[in-house]
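What follows is a set of structures for review.
Shared between the two complexes below is chain A, which has chain B as its partner in the first and chain C in the second.
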Partner chain A sequence: MGYKISLDDMNLALEELSKDYMIYAPKVFEGEGKFSDTDLIRYGEVEGLEEIVFDEKSDYSFKEALTPISEVLFYFTEDEIKEADKPDRGALIFLRSCDLHSLKRLDEIYLNNGYEDYYYKRLRENTKFILMGCQKSFENCFCVSMGTNKIDSYDSYIKLEGDTVYIDNKCEDLDKVFRKADIQEVDVKPDFVEENDIKVSIPDNLSLDVMDAKMWEEYASRCIACGRCNFVCPTCTCFTMQDVYYTDNGKVGERRRVWASCHVDGYTDMAGGHSYRKDNGQRMRFKTLHKVYDYNKRFGYHMCTGCGRCDDICPEYISFSNCVNRLEDAMKEVE
Partner chain B sequence: MGKNEYIPFKSEIKEVIKHTDIEYTFRMTYEGDVKPGQFFEVSIPKYGEAPISVSGIGDGTVDLTIRRVGKVTNEIFEHYVGDTMLLRGPYGNGFDLDLYKGKEIIVIAGGTGLSPVKGIVDYFHANPDEANSFTLIAGFKSVNDIIFKDDIERWKENMNVVITVDKDADKTCKLGLVTAHIPDLVIKNIENTVAIVVGPQIMMDCSVEELFQLGVIEENIWISQERKMCCGIGKCGHCKIDDVYICLDGPVFNYTKGKLLRD
Partner chain C sequence: MSVNTNKLKKNAFRVTNKRGLTASRVRVPGGYLKAEYLGQLQEIADKYGNGLLHITSRQGFEIPGIRYEDMDKVNLLLEPIIEGLEINQDIPGTGYTAAGTRNISACIGNNVCPYANYNTAEAAKRMEKTIFPNDLHFKVAFTGCANDCIKARTQDFGIIGMTEPQYDKDRCVSCGACVKACTRKATGVLSEVNYKIERNPDKCIGCGECVLACPTGAWTRSKKKYYRLVIMGRTGKKNPRLAEDFLIWADEESIIKIVQNTYKFVENYIDRSAPGGKEHIGYIIDRVGFMEYKKWALDGVEFDDKAIVINNVYWGGVHYK
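Moving on to the complex of A and B:
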């Protein structure tokens, strides 16, 4: 159902929705960018539509709304364990097509791969997704190659043009709220990009044998194992358990899970001191193959959604898309 | 809403069996189905969790043989009979005993690798008619590192048991690596022979090579792996190798699959 409403009415609708939902969208965090005097665009709660950054890519993805960077699972005392409460409101998340495709990857791991994740599910089932269009491809994007440039499984599509908001709505709950405004029915189709400057091709014959190719040696000398690529990735889901206890009462504390990175030291450390993939190049190989090879082998579609944030964030200017495009030659080398 | 798998349950310590200075078996209360080769996450608030394989299955109990090597396991050793510990699990596929029944069975274990296979040895010790023959070859660093000493004596009653140590052998064991004893195995029907190999990677690789020399085919060999795990339920990602989650798809693998696991 397509319609248009005024920005003021839209903000009134958001105000009403904020009683039941935390409204997450990409917004500007001044001065927090990766270089001095630059801004950072990441997800945070917004009150009005004009706060949302529509015309630039966010440095971080929406995933922290569903998989918090640090999430308390339960509190413990000497005798008792108490499950952490869930937020008292659901979430309304503004995101682009590639990120909405990423949601399917998060669901796959947290809901379908083995056991169902209790904490993810209780956030997920109270979340609605609002699609933001892409009028142009941003730097480093390769969504078209990954087939994630278009999507129709959104609750609502929202586009801001001057003081007018165009909506393509598919959600009854949202429809009730939007209709309180003076709406005018129009045909609204989301903006999707059809082409990116960057294209990737994943060789059909890709196999684990590629781990023996020489290309990883280069990454061994360039990658500094900072893990930023994992943290900006909308599809990276790994976490590590962390117990903390309170300094004023050492018998009371909490167990959390915190984001983990397969690039960062310690990821494979076992009790007794053994660890795997000490070489940063092989860590790059492990991540790359997960994104464009072994996840597909397990679940039938690629994990990477081509958002290009890993390329945007890397302090060593390592390009993931370029790495993927080198796999074909690397396979020739090892075959 | 489904079960919250992250919340551990209380389990009482019924018995503590000391094997070596750093390896104890904790006999824990547990009601429910469990298989040899599966594991529990032992949870010690403040210190974290450690995946520990089941080393014995009793009536209303499971045995967890724990080596004191990390911050969680150090803390576990501060617990005594009557105390409770927190567990969650069992997780992982475990060994399917039906695959071994009626076969000539060879179990090769290195060090604490004996823990995950001990349930298999116990089962066929109690049910000797269900195996065509049963051989256990277990290797340790030294006589002082041998675990399950009483069990080993018991197993010797009706099984072929070879214990090896790397140095200073006494009358209960032989000197050398487990692999040295594989070529001497007397096998009646190689096609009806199955082997289970658990231990450090290099020990598993070399043992499997010796088994191939004997003529055991890879379809008849099983191994068990261990990796860092934070969840045990396919979420945290730490144990993934290629498209395999050790916690969900393993830790027990037929060698046709196990040989492909390259970190």
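Moving on to the complex of A and C:
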């Protein structure tokens, strides 16, 4: 159902929705870029549509709204545990097509991969997804190559044009709220990009033989193992557990889970001190093949959704898309 | 040939080791200038100088080989540069009004450098606007972080940028990057307690290495900018020494006020009988005592709670005796 309403009415609708939903969208965090006098665009709660950054890609993805960076699971005393409360409201998340495709990857890992993850599920089931269109491809995007440039599984599509808001709505709950405004029915089709500057091709003959290719050695000296590529990635789901005993008591504490990164030291540490991938080039190899080989082998589609945030953020200018495009030659080398 | 050397020195020319030839010193506060001015400098050097430019140690230019009788013509050609760089001037077309207070220099700052905690060039320009022209010999430099690439600790006033790191523990993934950066590159004030980070604020120098190292944005910079003011560093033939800390976590406004107050202090205490009538601030303070200087410097300055004022400042350095 397509319609248009005024920005003021939209913000009134958001105000009403905020009683039941936390509204997450990419917004500017002024002065919070890592360099002085620079801003950061990441997800945070918004009150009005004009706070949302539509014309730039966010530095970090939406996933922190569904899988918090550091999340307390439960609190323990000597003989009892108490589950951490879930938020008292659901969530509305504004995101782009590639990220909505990424949601499918998160669901695959947390819900359909054997056990259902209780903590993910309780956030996920109360979340609605609002699609943001892409009028142009941003730097480093390669969604078209990954087939993630279009999607129709959104609850609502929202586009802001001047003071007018165009909506393509598929959700009854949202429809009820939007209809309180003075709406005018129009045909609304989401903006999707049809082409990116960056094109990626994953060789059909890709196999684990590529592990022996020379290309990984280069990343051994280039990658600094900071993990930024994983932390901005909308499809990375690795976490670690931390059991914490409060310092004032020592007998009570909490268990939390915290994002982990296959590039950061410690990821492959074993009891006894062994570590599988000490070499940063091998970490790059592991991540790359996970995104465009292993996951596909298991689930039938690629994990990477081509958002390009890993390229955007890498302080060493390592390009993931460039790495994937080197796989074809690497296969020739090892075959 | 009759030349008033006192006058020409105060007009940013100098007596050189070549009879009949002078050199003109061009100020570039903050060390940034539009490249187009290089063309104008070339014109002066080709027309009235010897075709050479010297890049001065204070980030200005010196045009050597100028005949004394051409100084007025050089001043006319300097006018667009003086105006373009917004240098305070008494009478347009007559060149620089003073030379004692040296060009305010600055490291490249956050226009380019990832480490810089502020825009050093803009700060240098604001200081220049406030204290120039003045014949008293003052050296001021701005540097973006404690790496001190401009060597602020060799100045009368060195301003070192600081940021107060802000920690959002909910964004922290315990990767240890900040602890490692702080330990290896700075003062090692971060430690991990229960997988989260604690910062020792007493020893933190506000360099921002933790912010740069953090992959998730758990560490960010404070909205407010802070500065460390180091004072009375110098080179020279008696007692060269590095500047010592006077203020930590100070604000720009207070620092400007202190520099202004120091001019009043020098006016009051300078030994006019010193060679050339020039006694350098640091030596005046050595003579009258830091406590007396502090009284003058802090007159009317109001700090916020965070600022630390060092009670008594002691200098070391080399004594050539």
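In this text, the second predicted complex is superposed on the first by the 334 of 335 C-alpha atoms of A that agree within 3 Å, B and C clash if a C-alpha of one lies under 4 Å from a C-alpha of the other, contacts with A are read in each partner's own complex, and residues count from 1 in each chain.
Please note the rule applied: a contact is a pair of C-beta atoms (placed from the backbone, for glycine too) under 8 Å apart; a residue touches a chain by one contact, two chains touch by 3 or more.
Values in this document were obtained by computation on a predicted structure and should not be read as measured data.
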Message: Which partner chains sit in contact with A:L208 here, chain B, chain C, both or neither? Use first/second/both/neither.
response: first
- prompt: Given the touch rule stated above, what does A:G272 touch, chain B (first), chain C (second), both, or neither?
  reply: first
- prompt: Who contacts more of chain A, chain B or chain C?
  reply: B
- request: Applying the touch criterion given at the start, work out whether A:D329 contacts chain B, chain C, both or neither, answering first, second, both or neither.
  value: neither
Query: Between chain B (first) and chain C (second), which, if any, makes contact with A:D37: first, second, both or neither?
result: second
Message: Applying the document's definition of touch, where does A:F74 land relative to chain B and chain C: first, second, both, or neither?
response: first
- prompt: Thinking of the overlay built on chain A, is A:T237 touched by chain B (first), by chain C (second), by both, or by neither?
  reply: first
Task: For A:T247, decide between first (touching chain B), second (touching chain C), both and neither.
output: second
Message: Contacts for A:V264 in the overlay, against chain B (first) and chain C (second): which applies, first, second, both or neither?
response: second
- request: Pick out the shared contact residues on chain A: the ones touching chain B in one complex and chain C in the other.
  value: 242, 245, 260
Chain A residues within the chain B interface of the complex: 73-74, 76, 81, 83, 109-110, 113-119, 121-122, 208, 211, 237-243, 245, 250, 253, 255, 257, 260, 262, 267-273, 275-277, 286, 289-290, 294-295, 297-298
Message: Going by the contact rule set out above, which residues of chain B touch chain A in the complex?
response: 1-8, 45-50, 67, 69-73, 86, 226-228, 230-231, 233-238, 240, 242-243, 245, 247-248, 260, 262-263
Task: Would you tell me which residues of chain A are touching chain C in their complex?
output: 29, 31-32, 34-37, 40, 42, 60, 68-70, 226-228, 231, 242, 244-247, 258-261, 264-266
- line: Note: in the complex, chain C contacts chain A through residues 110, 114, 116-119, 144, 161, 163, 169-177, 193-195, 208, 211-218, 220-221, 223, 225
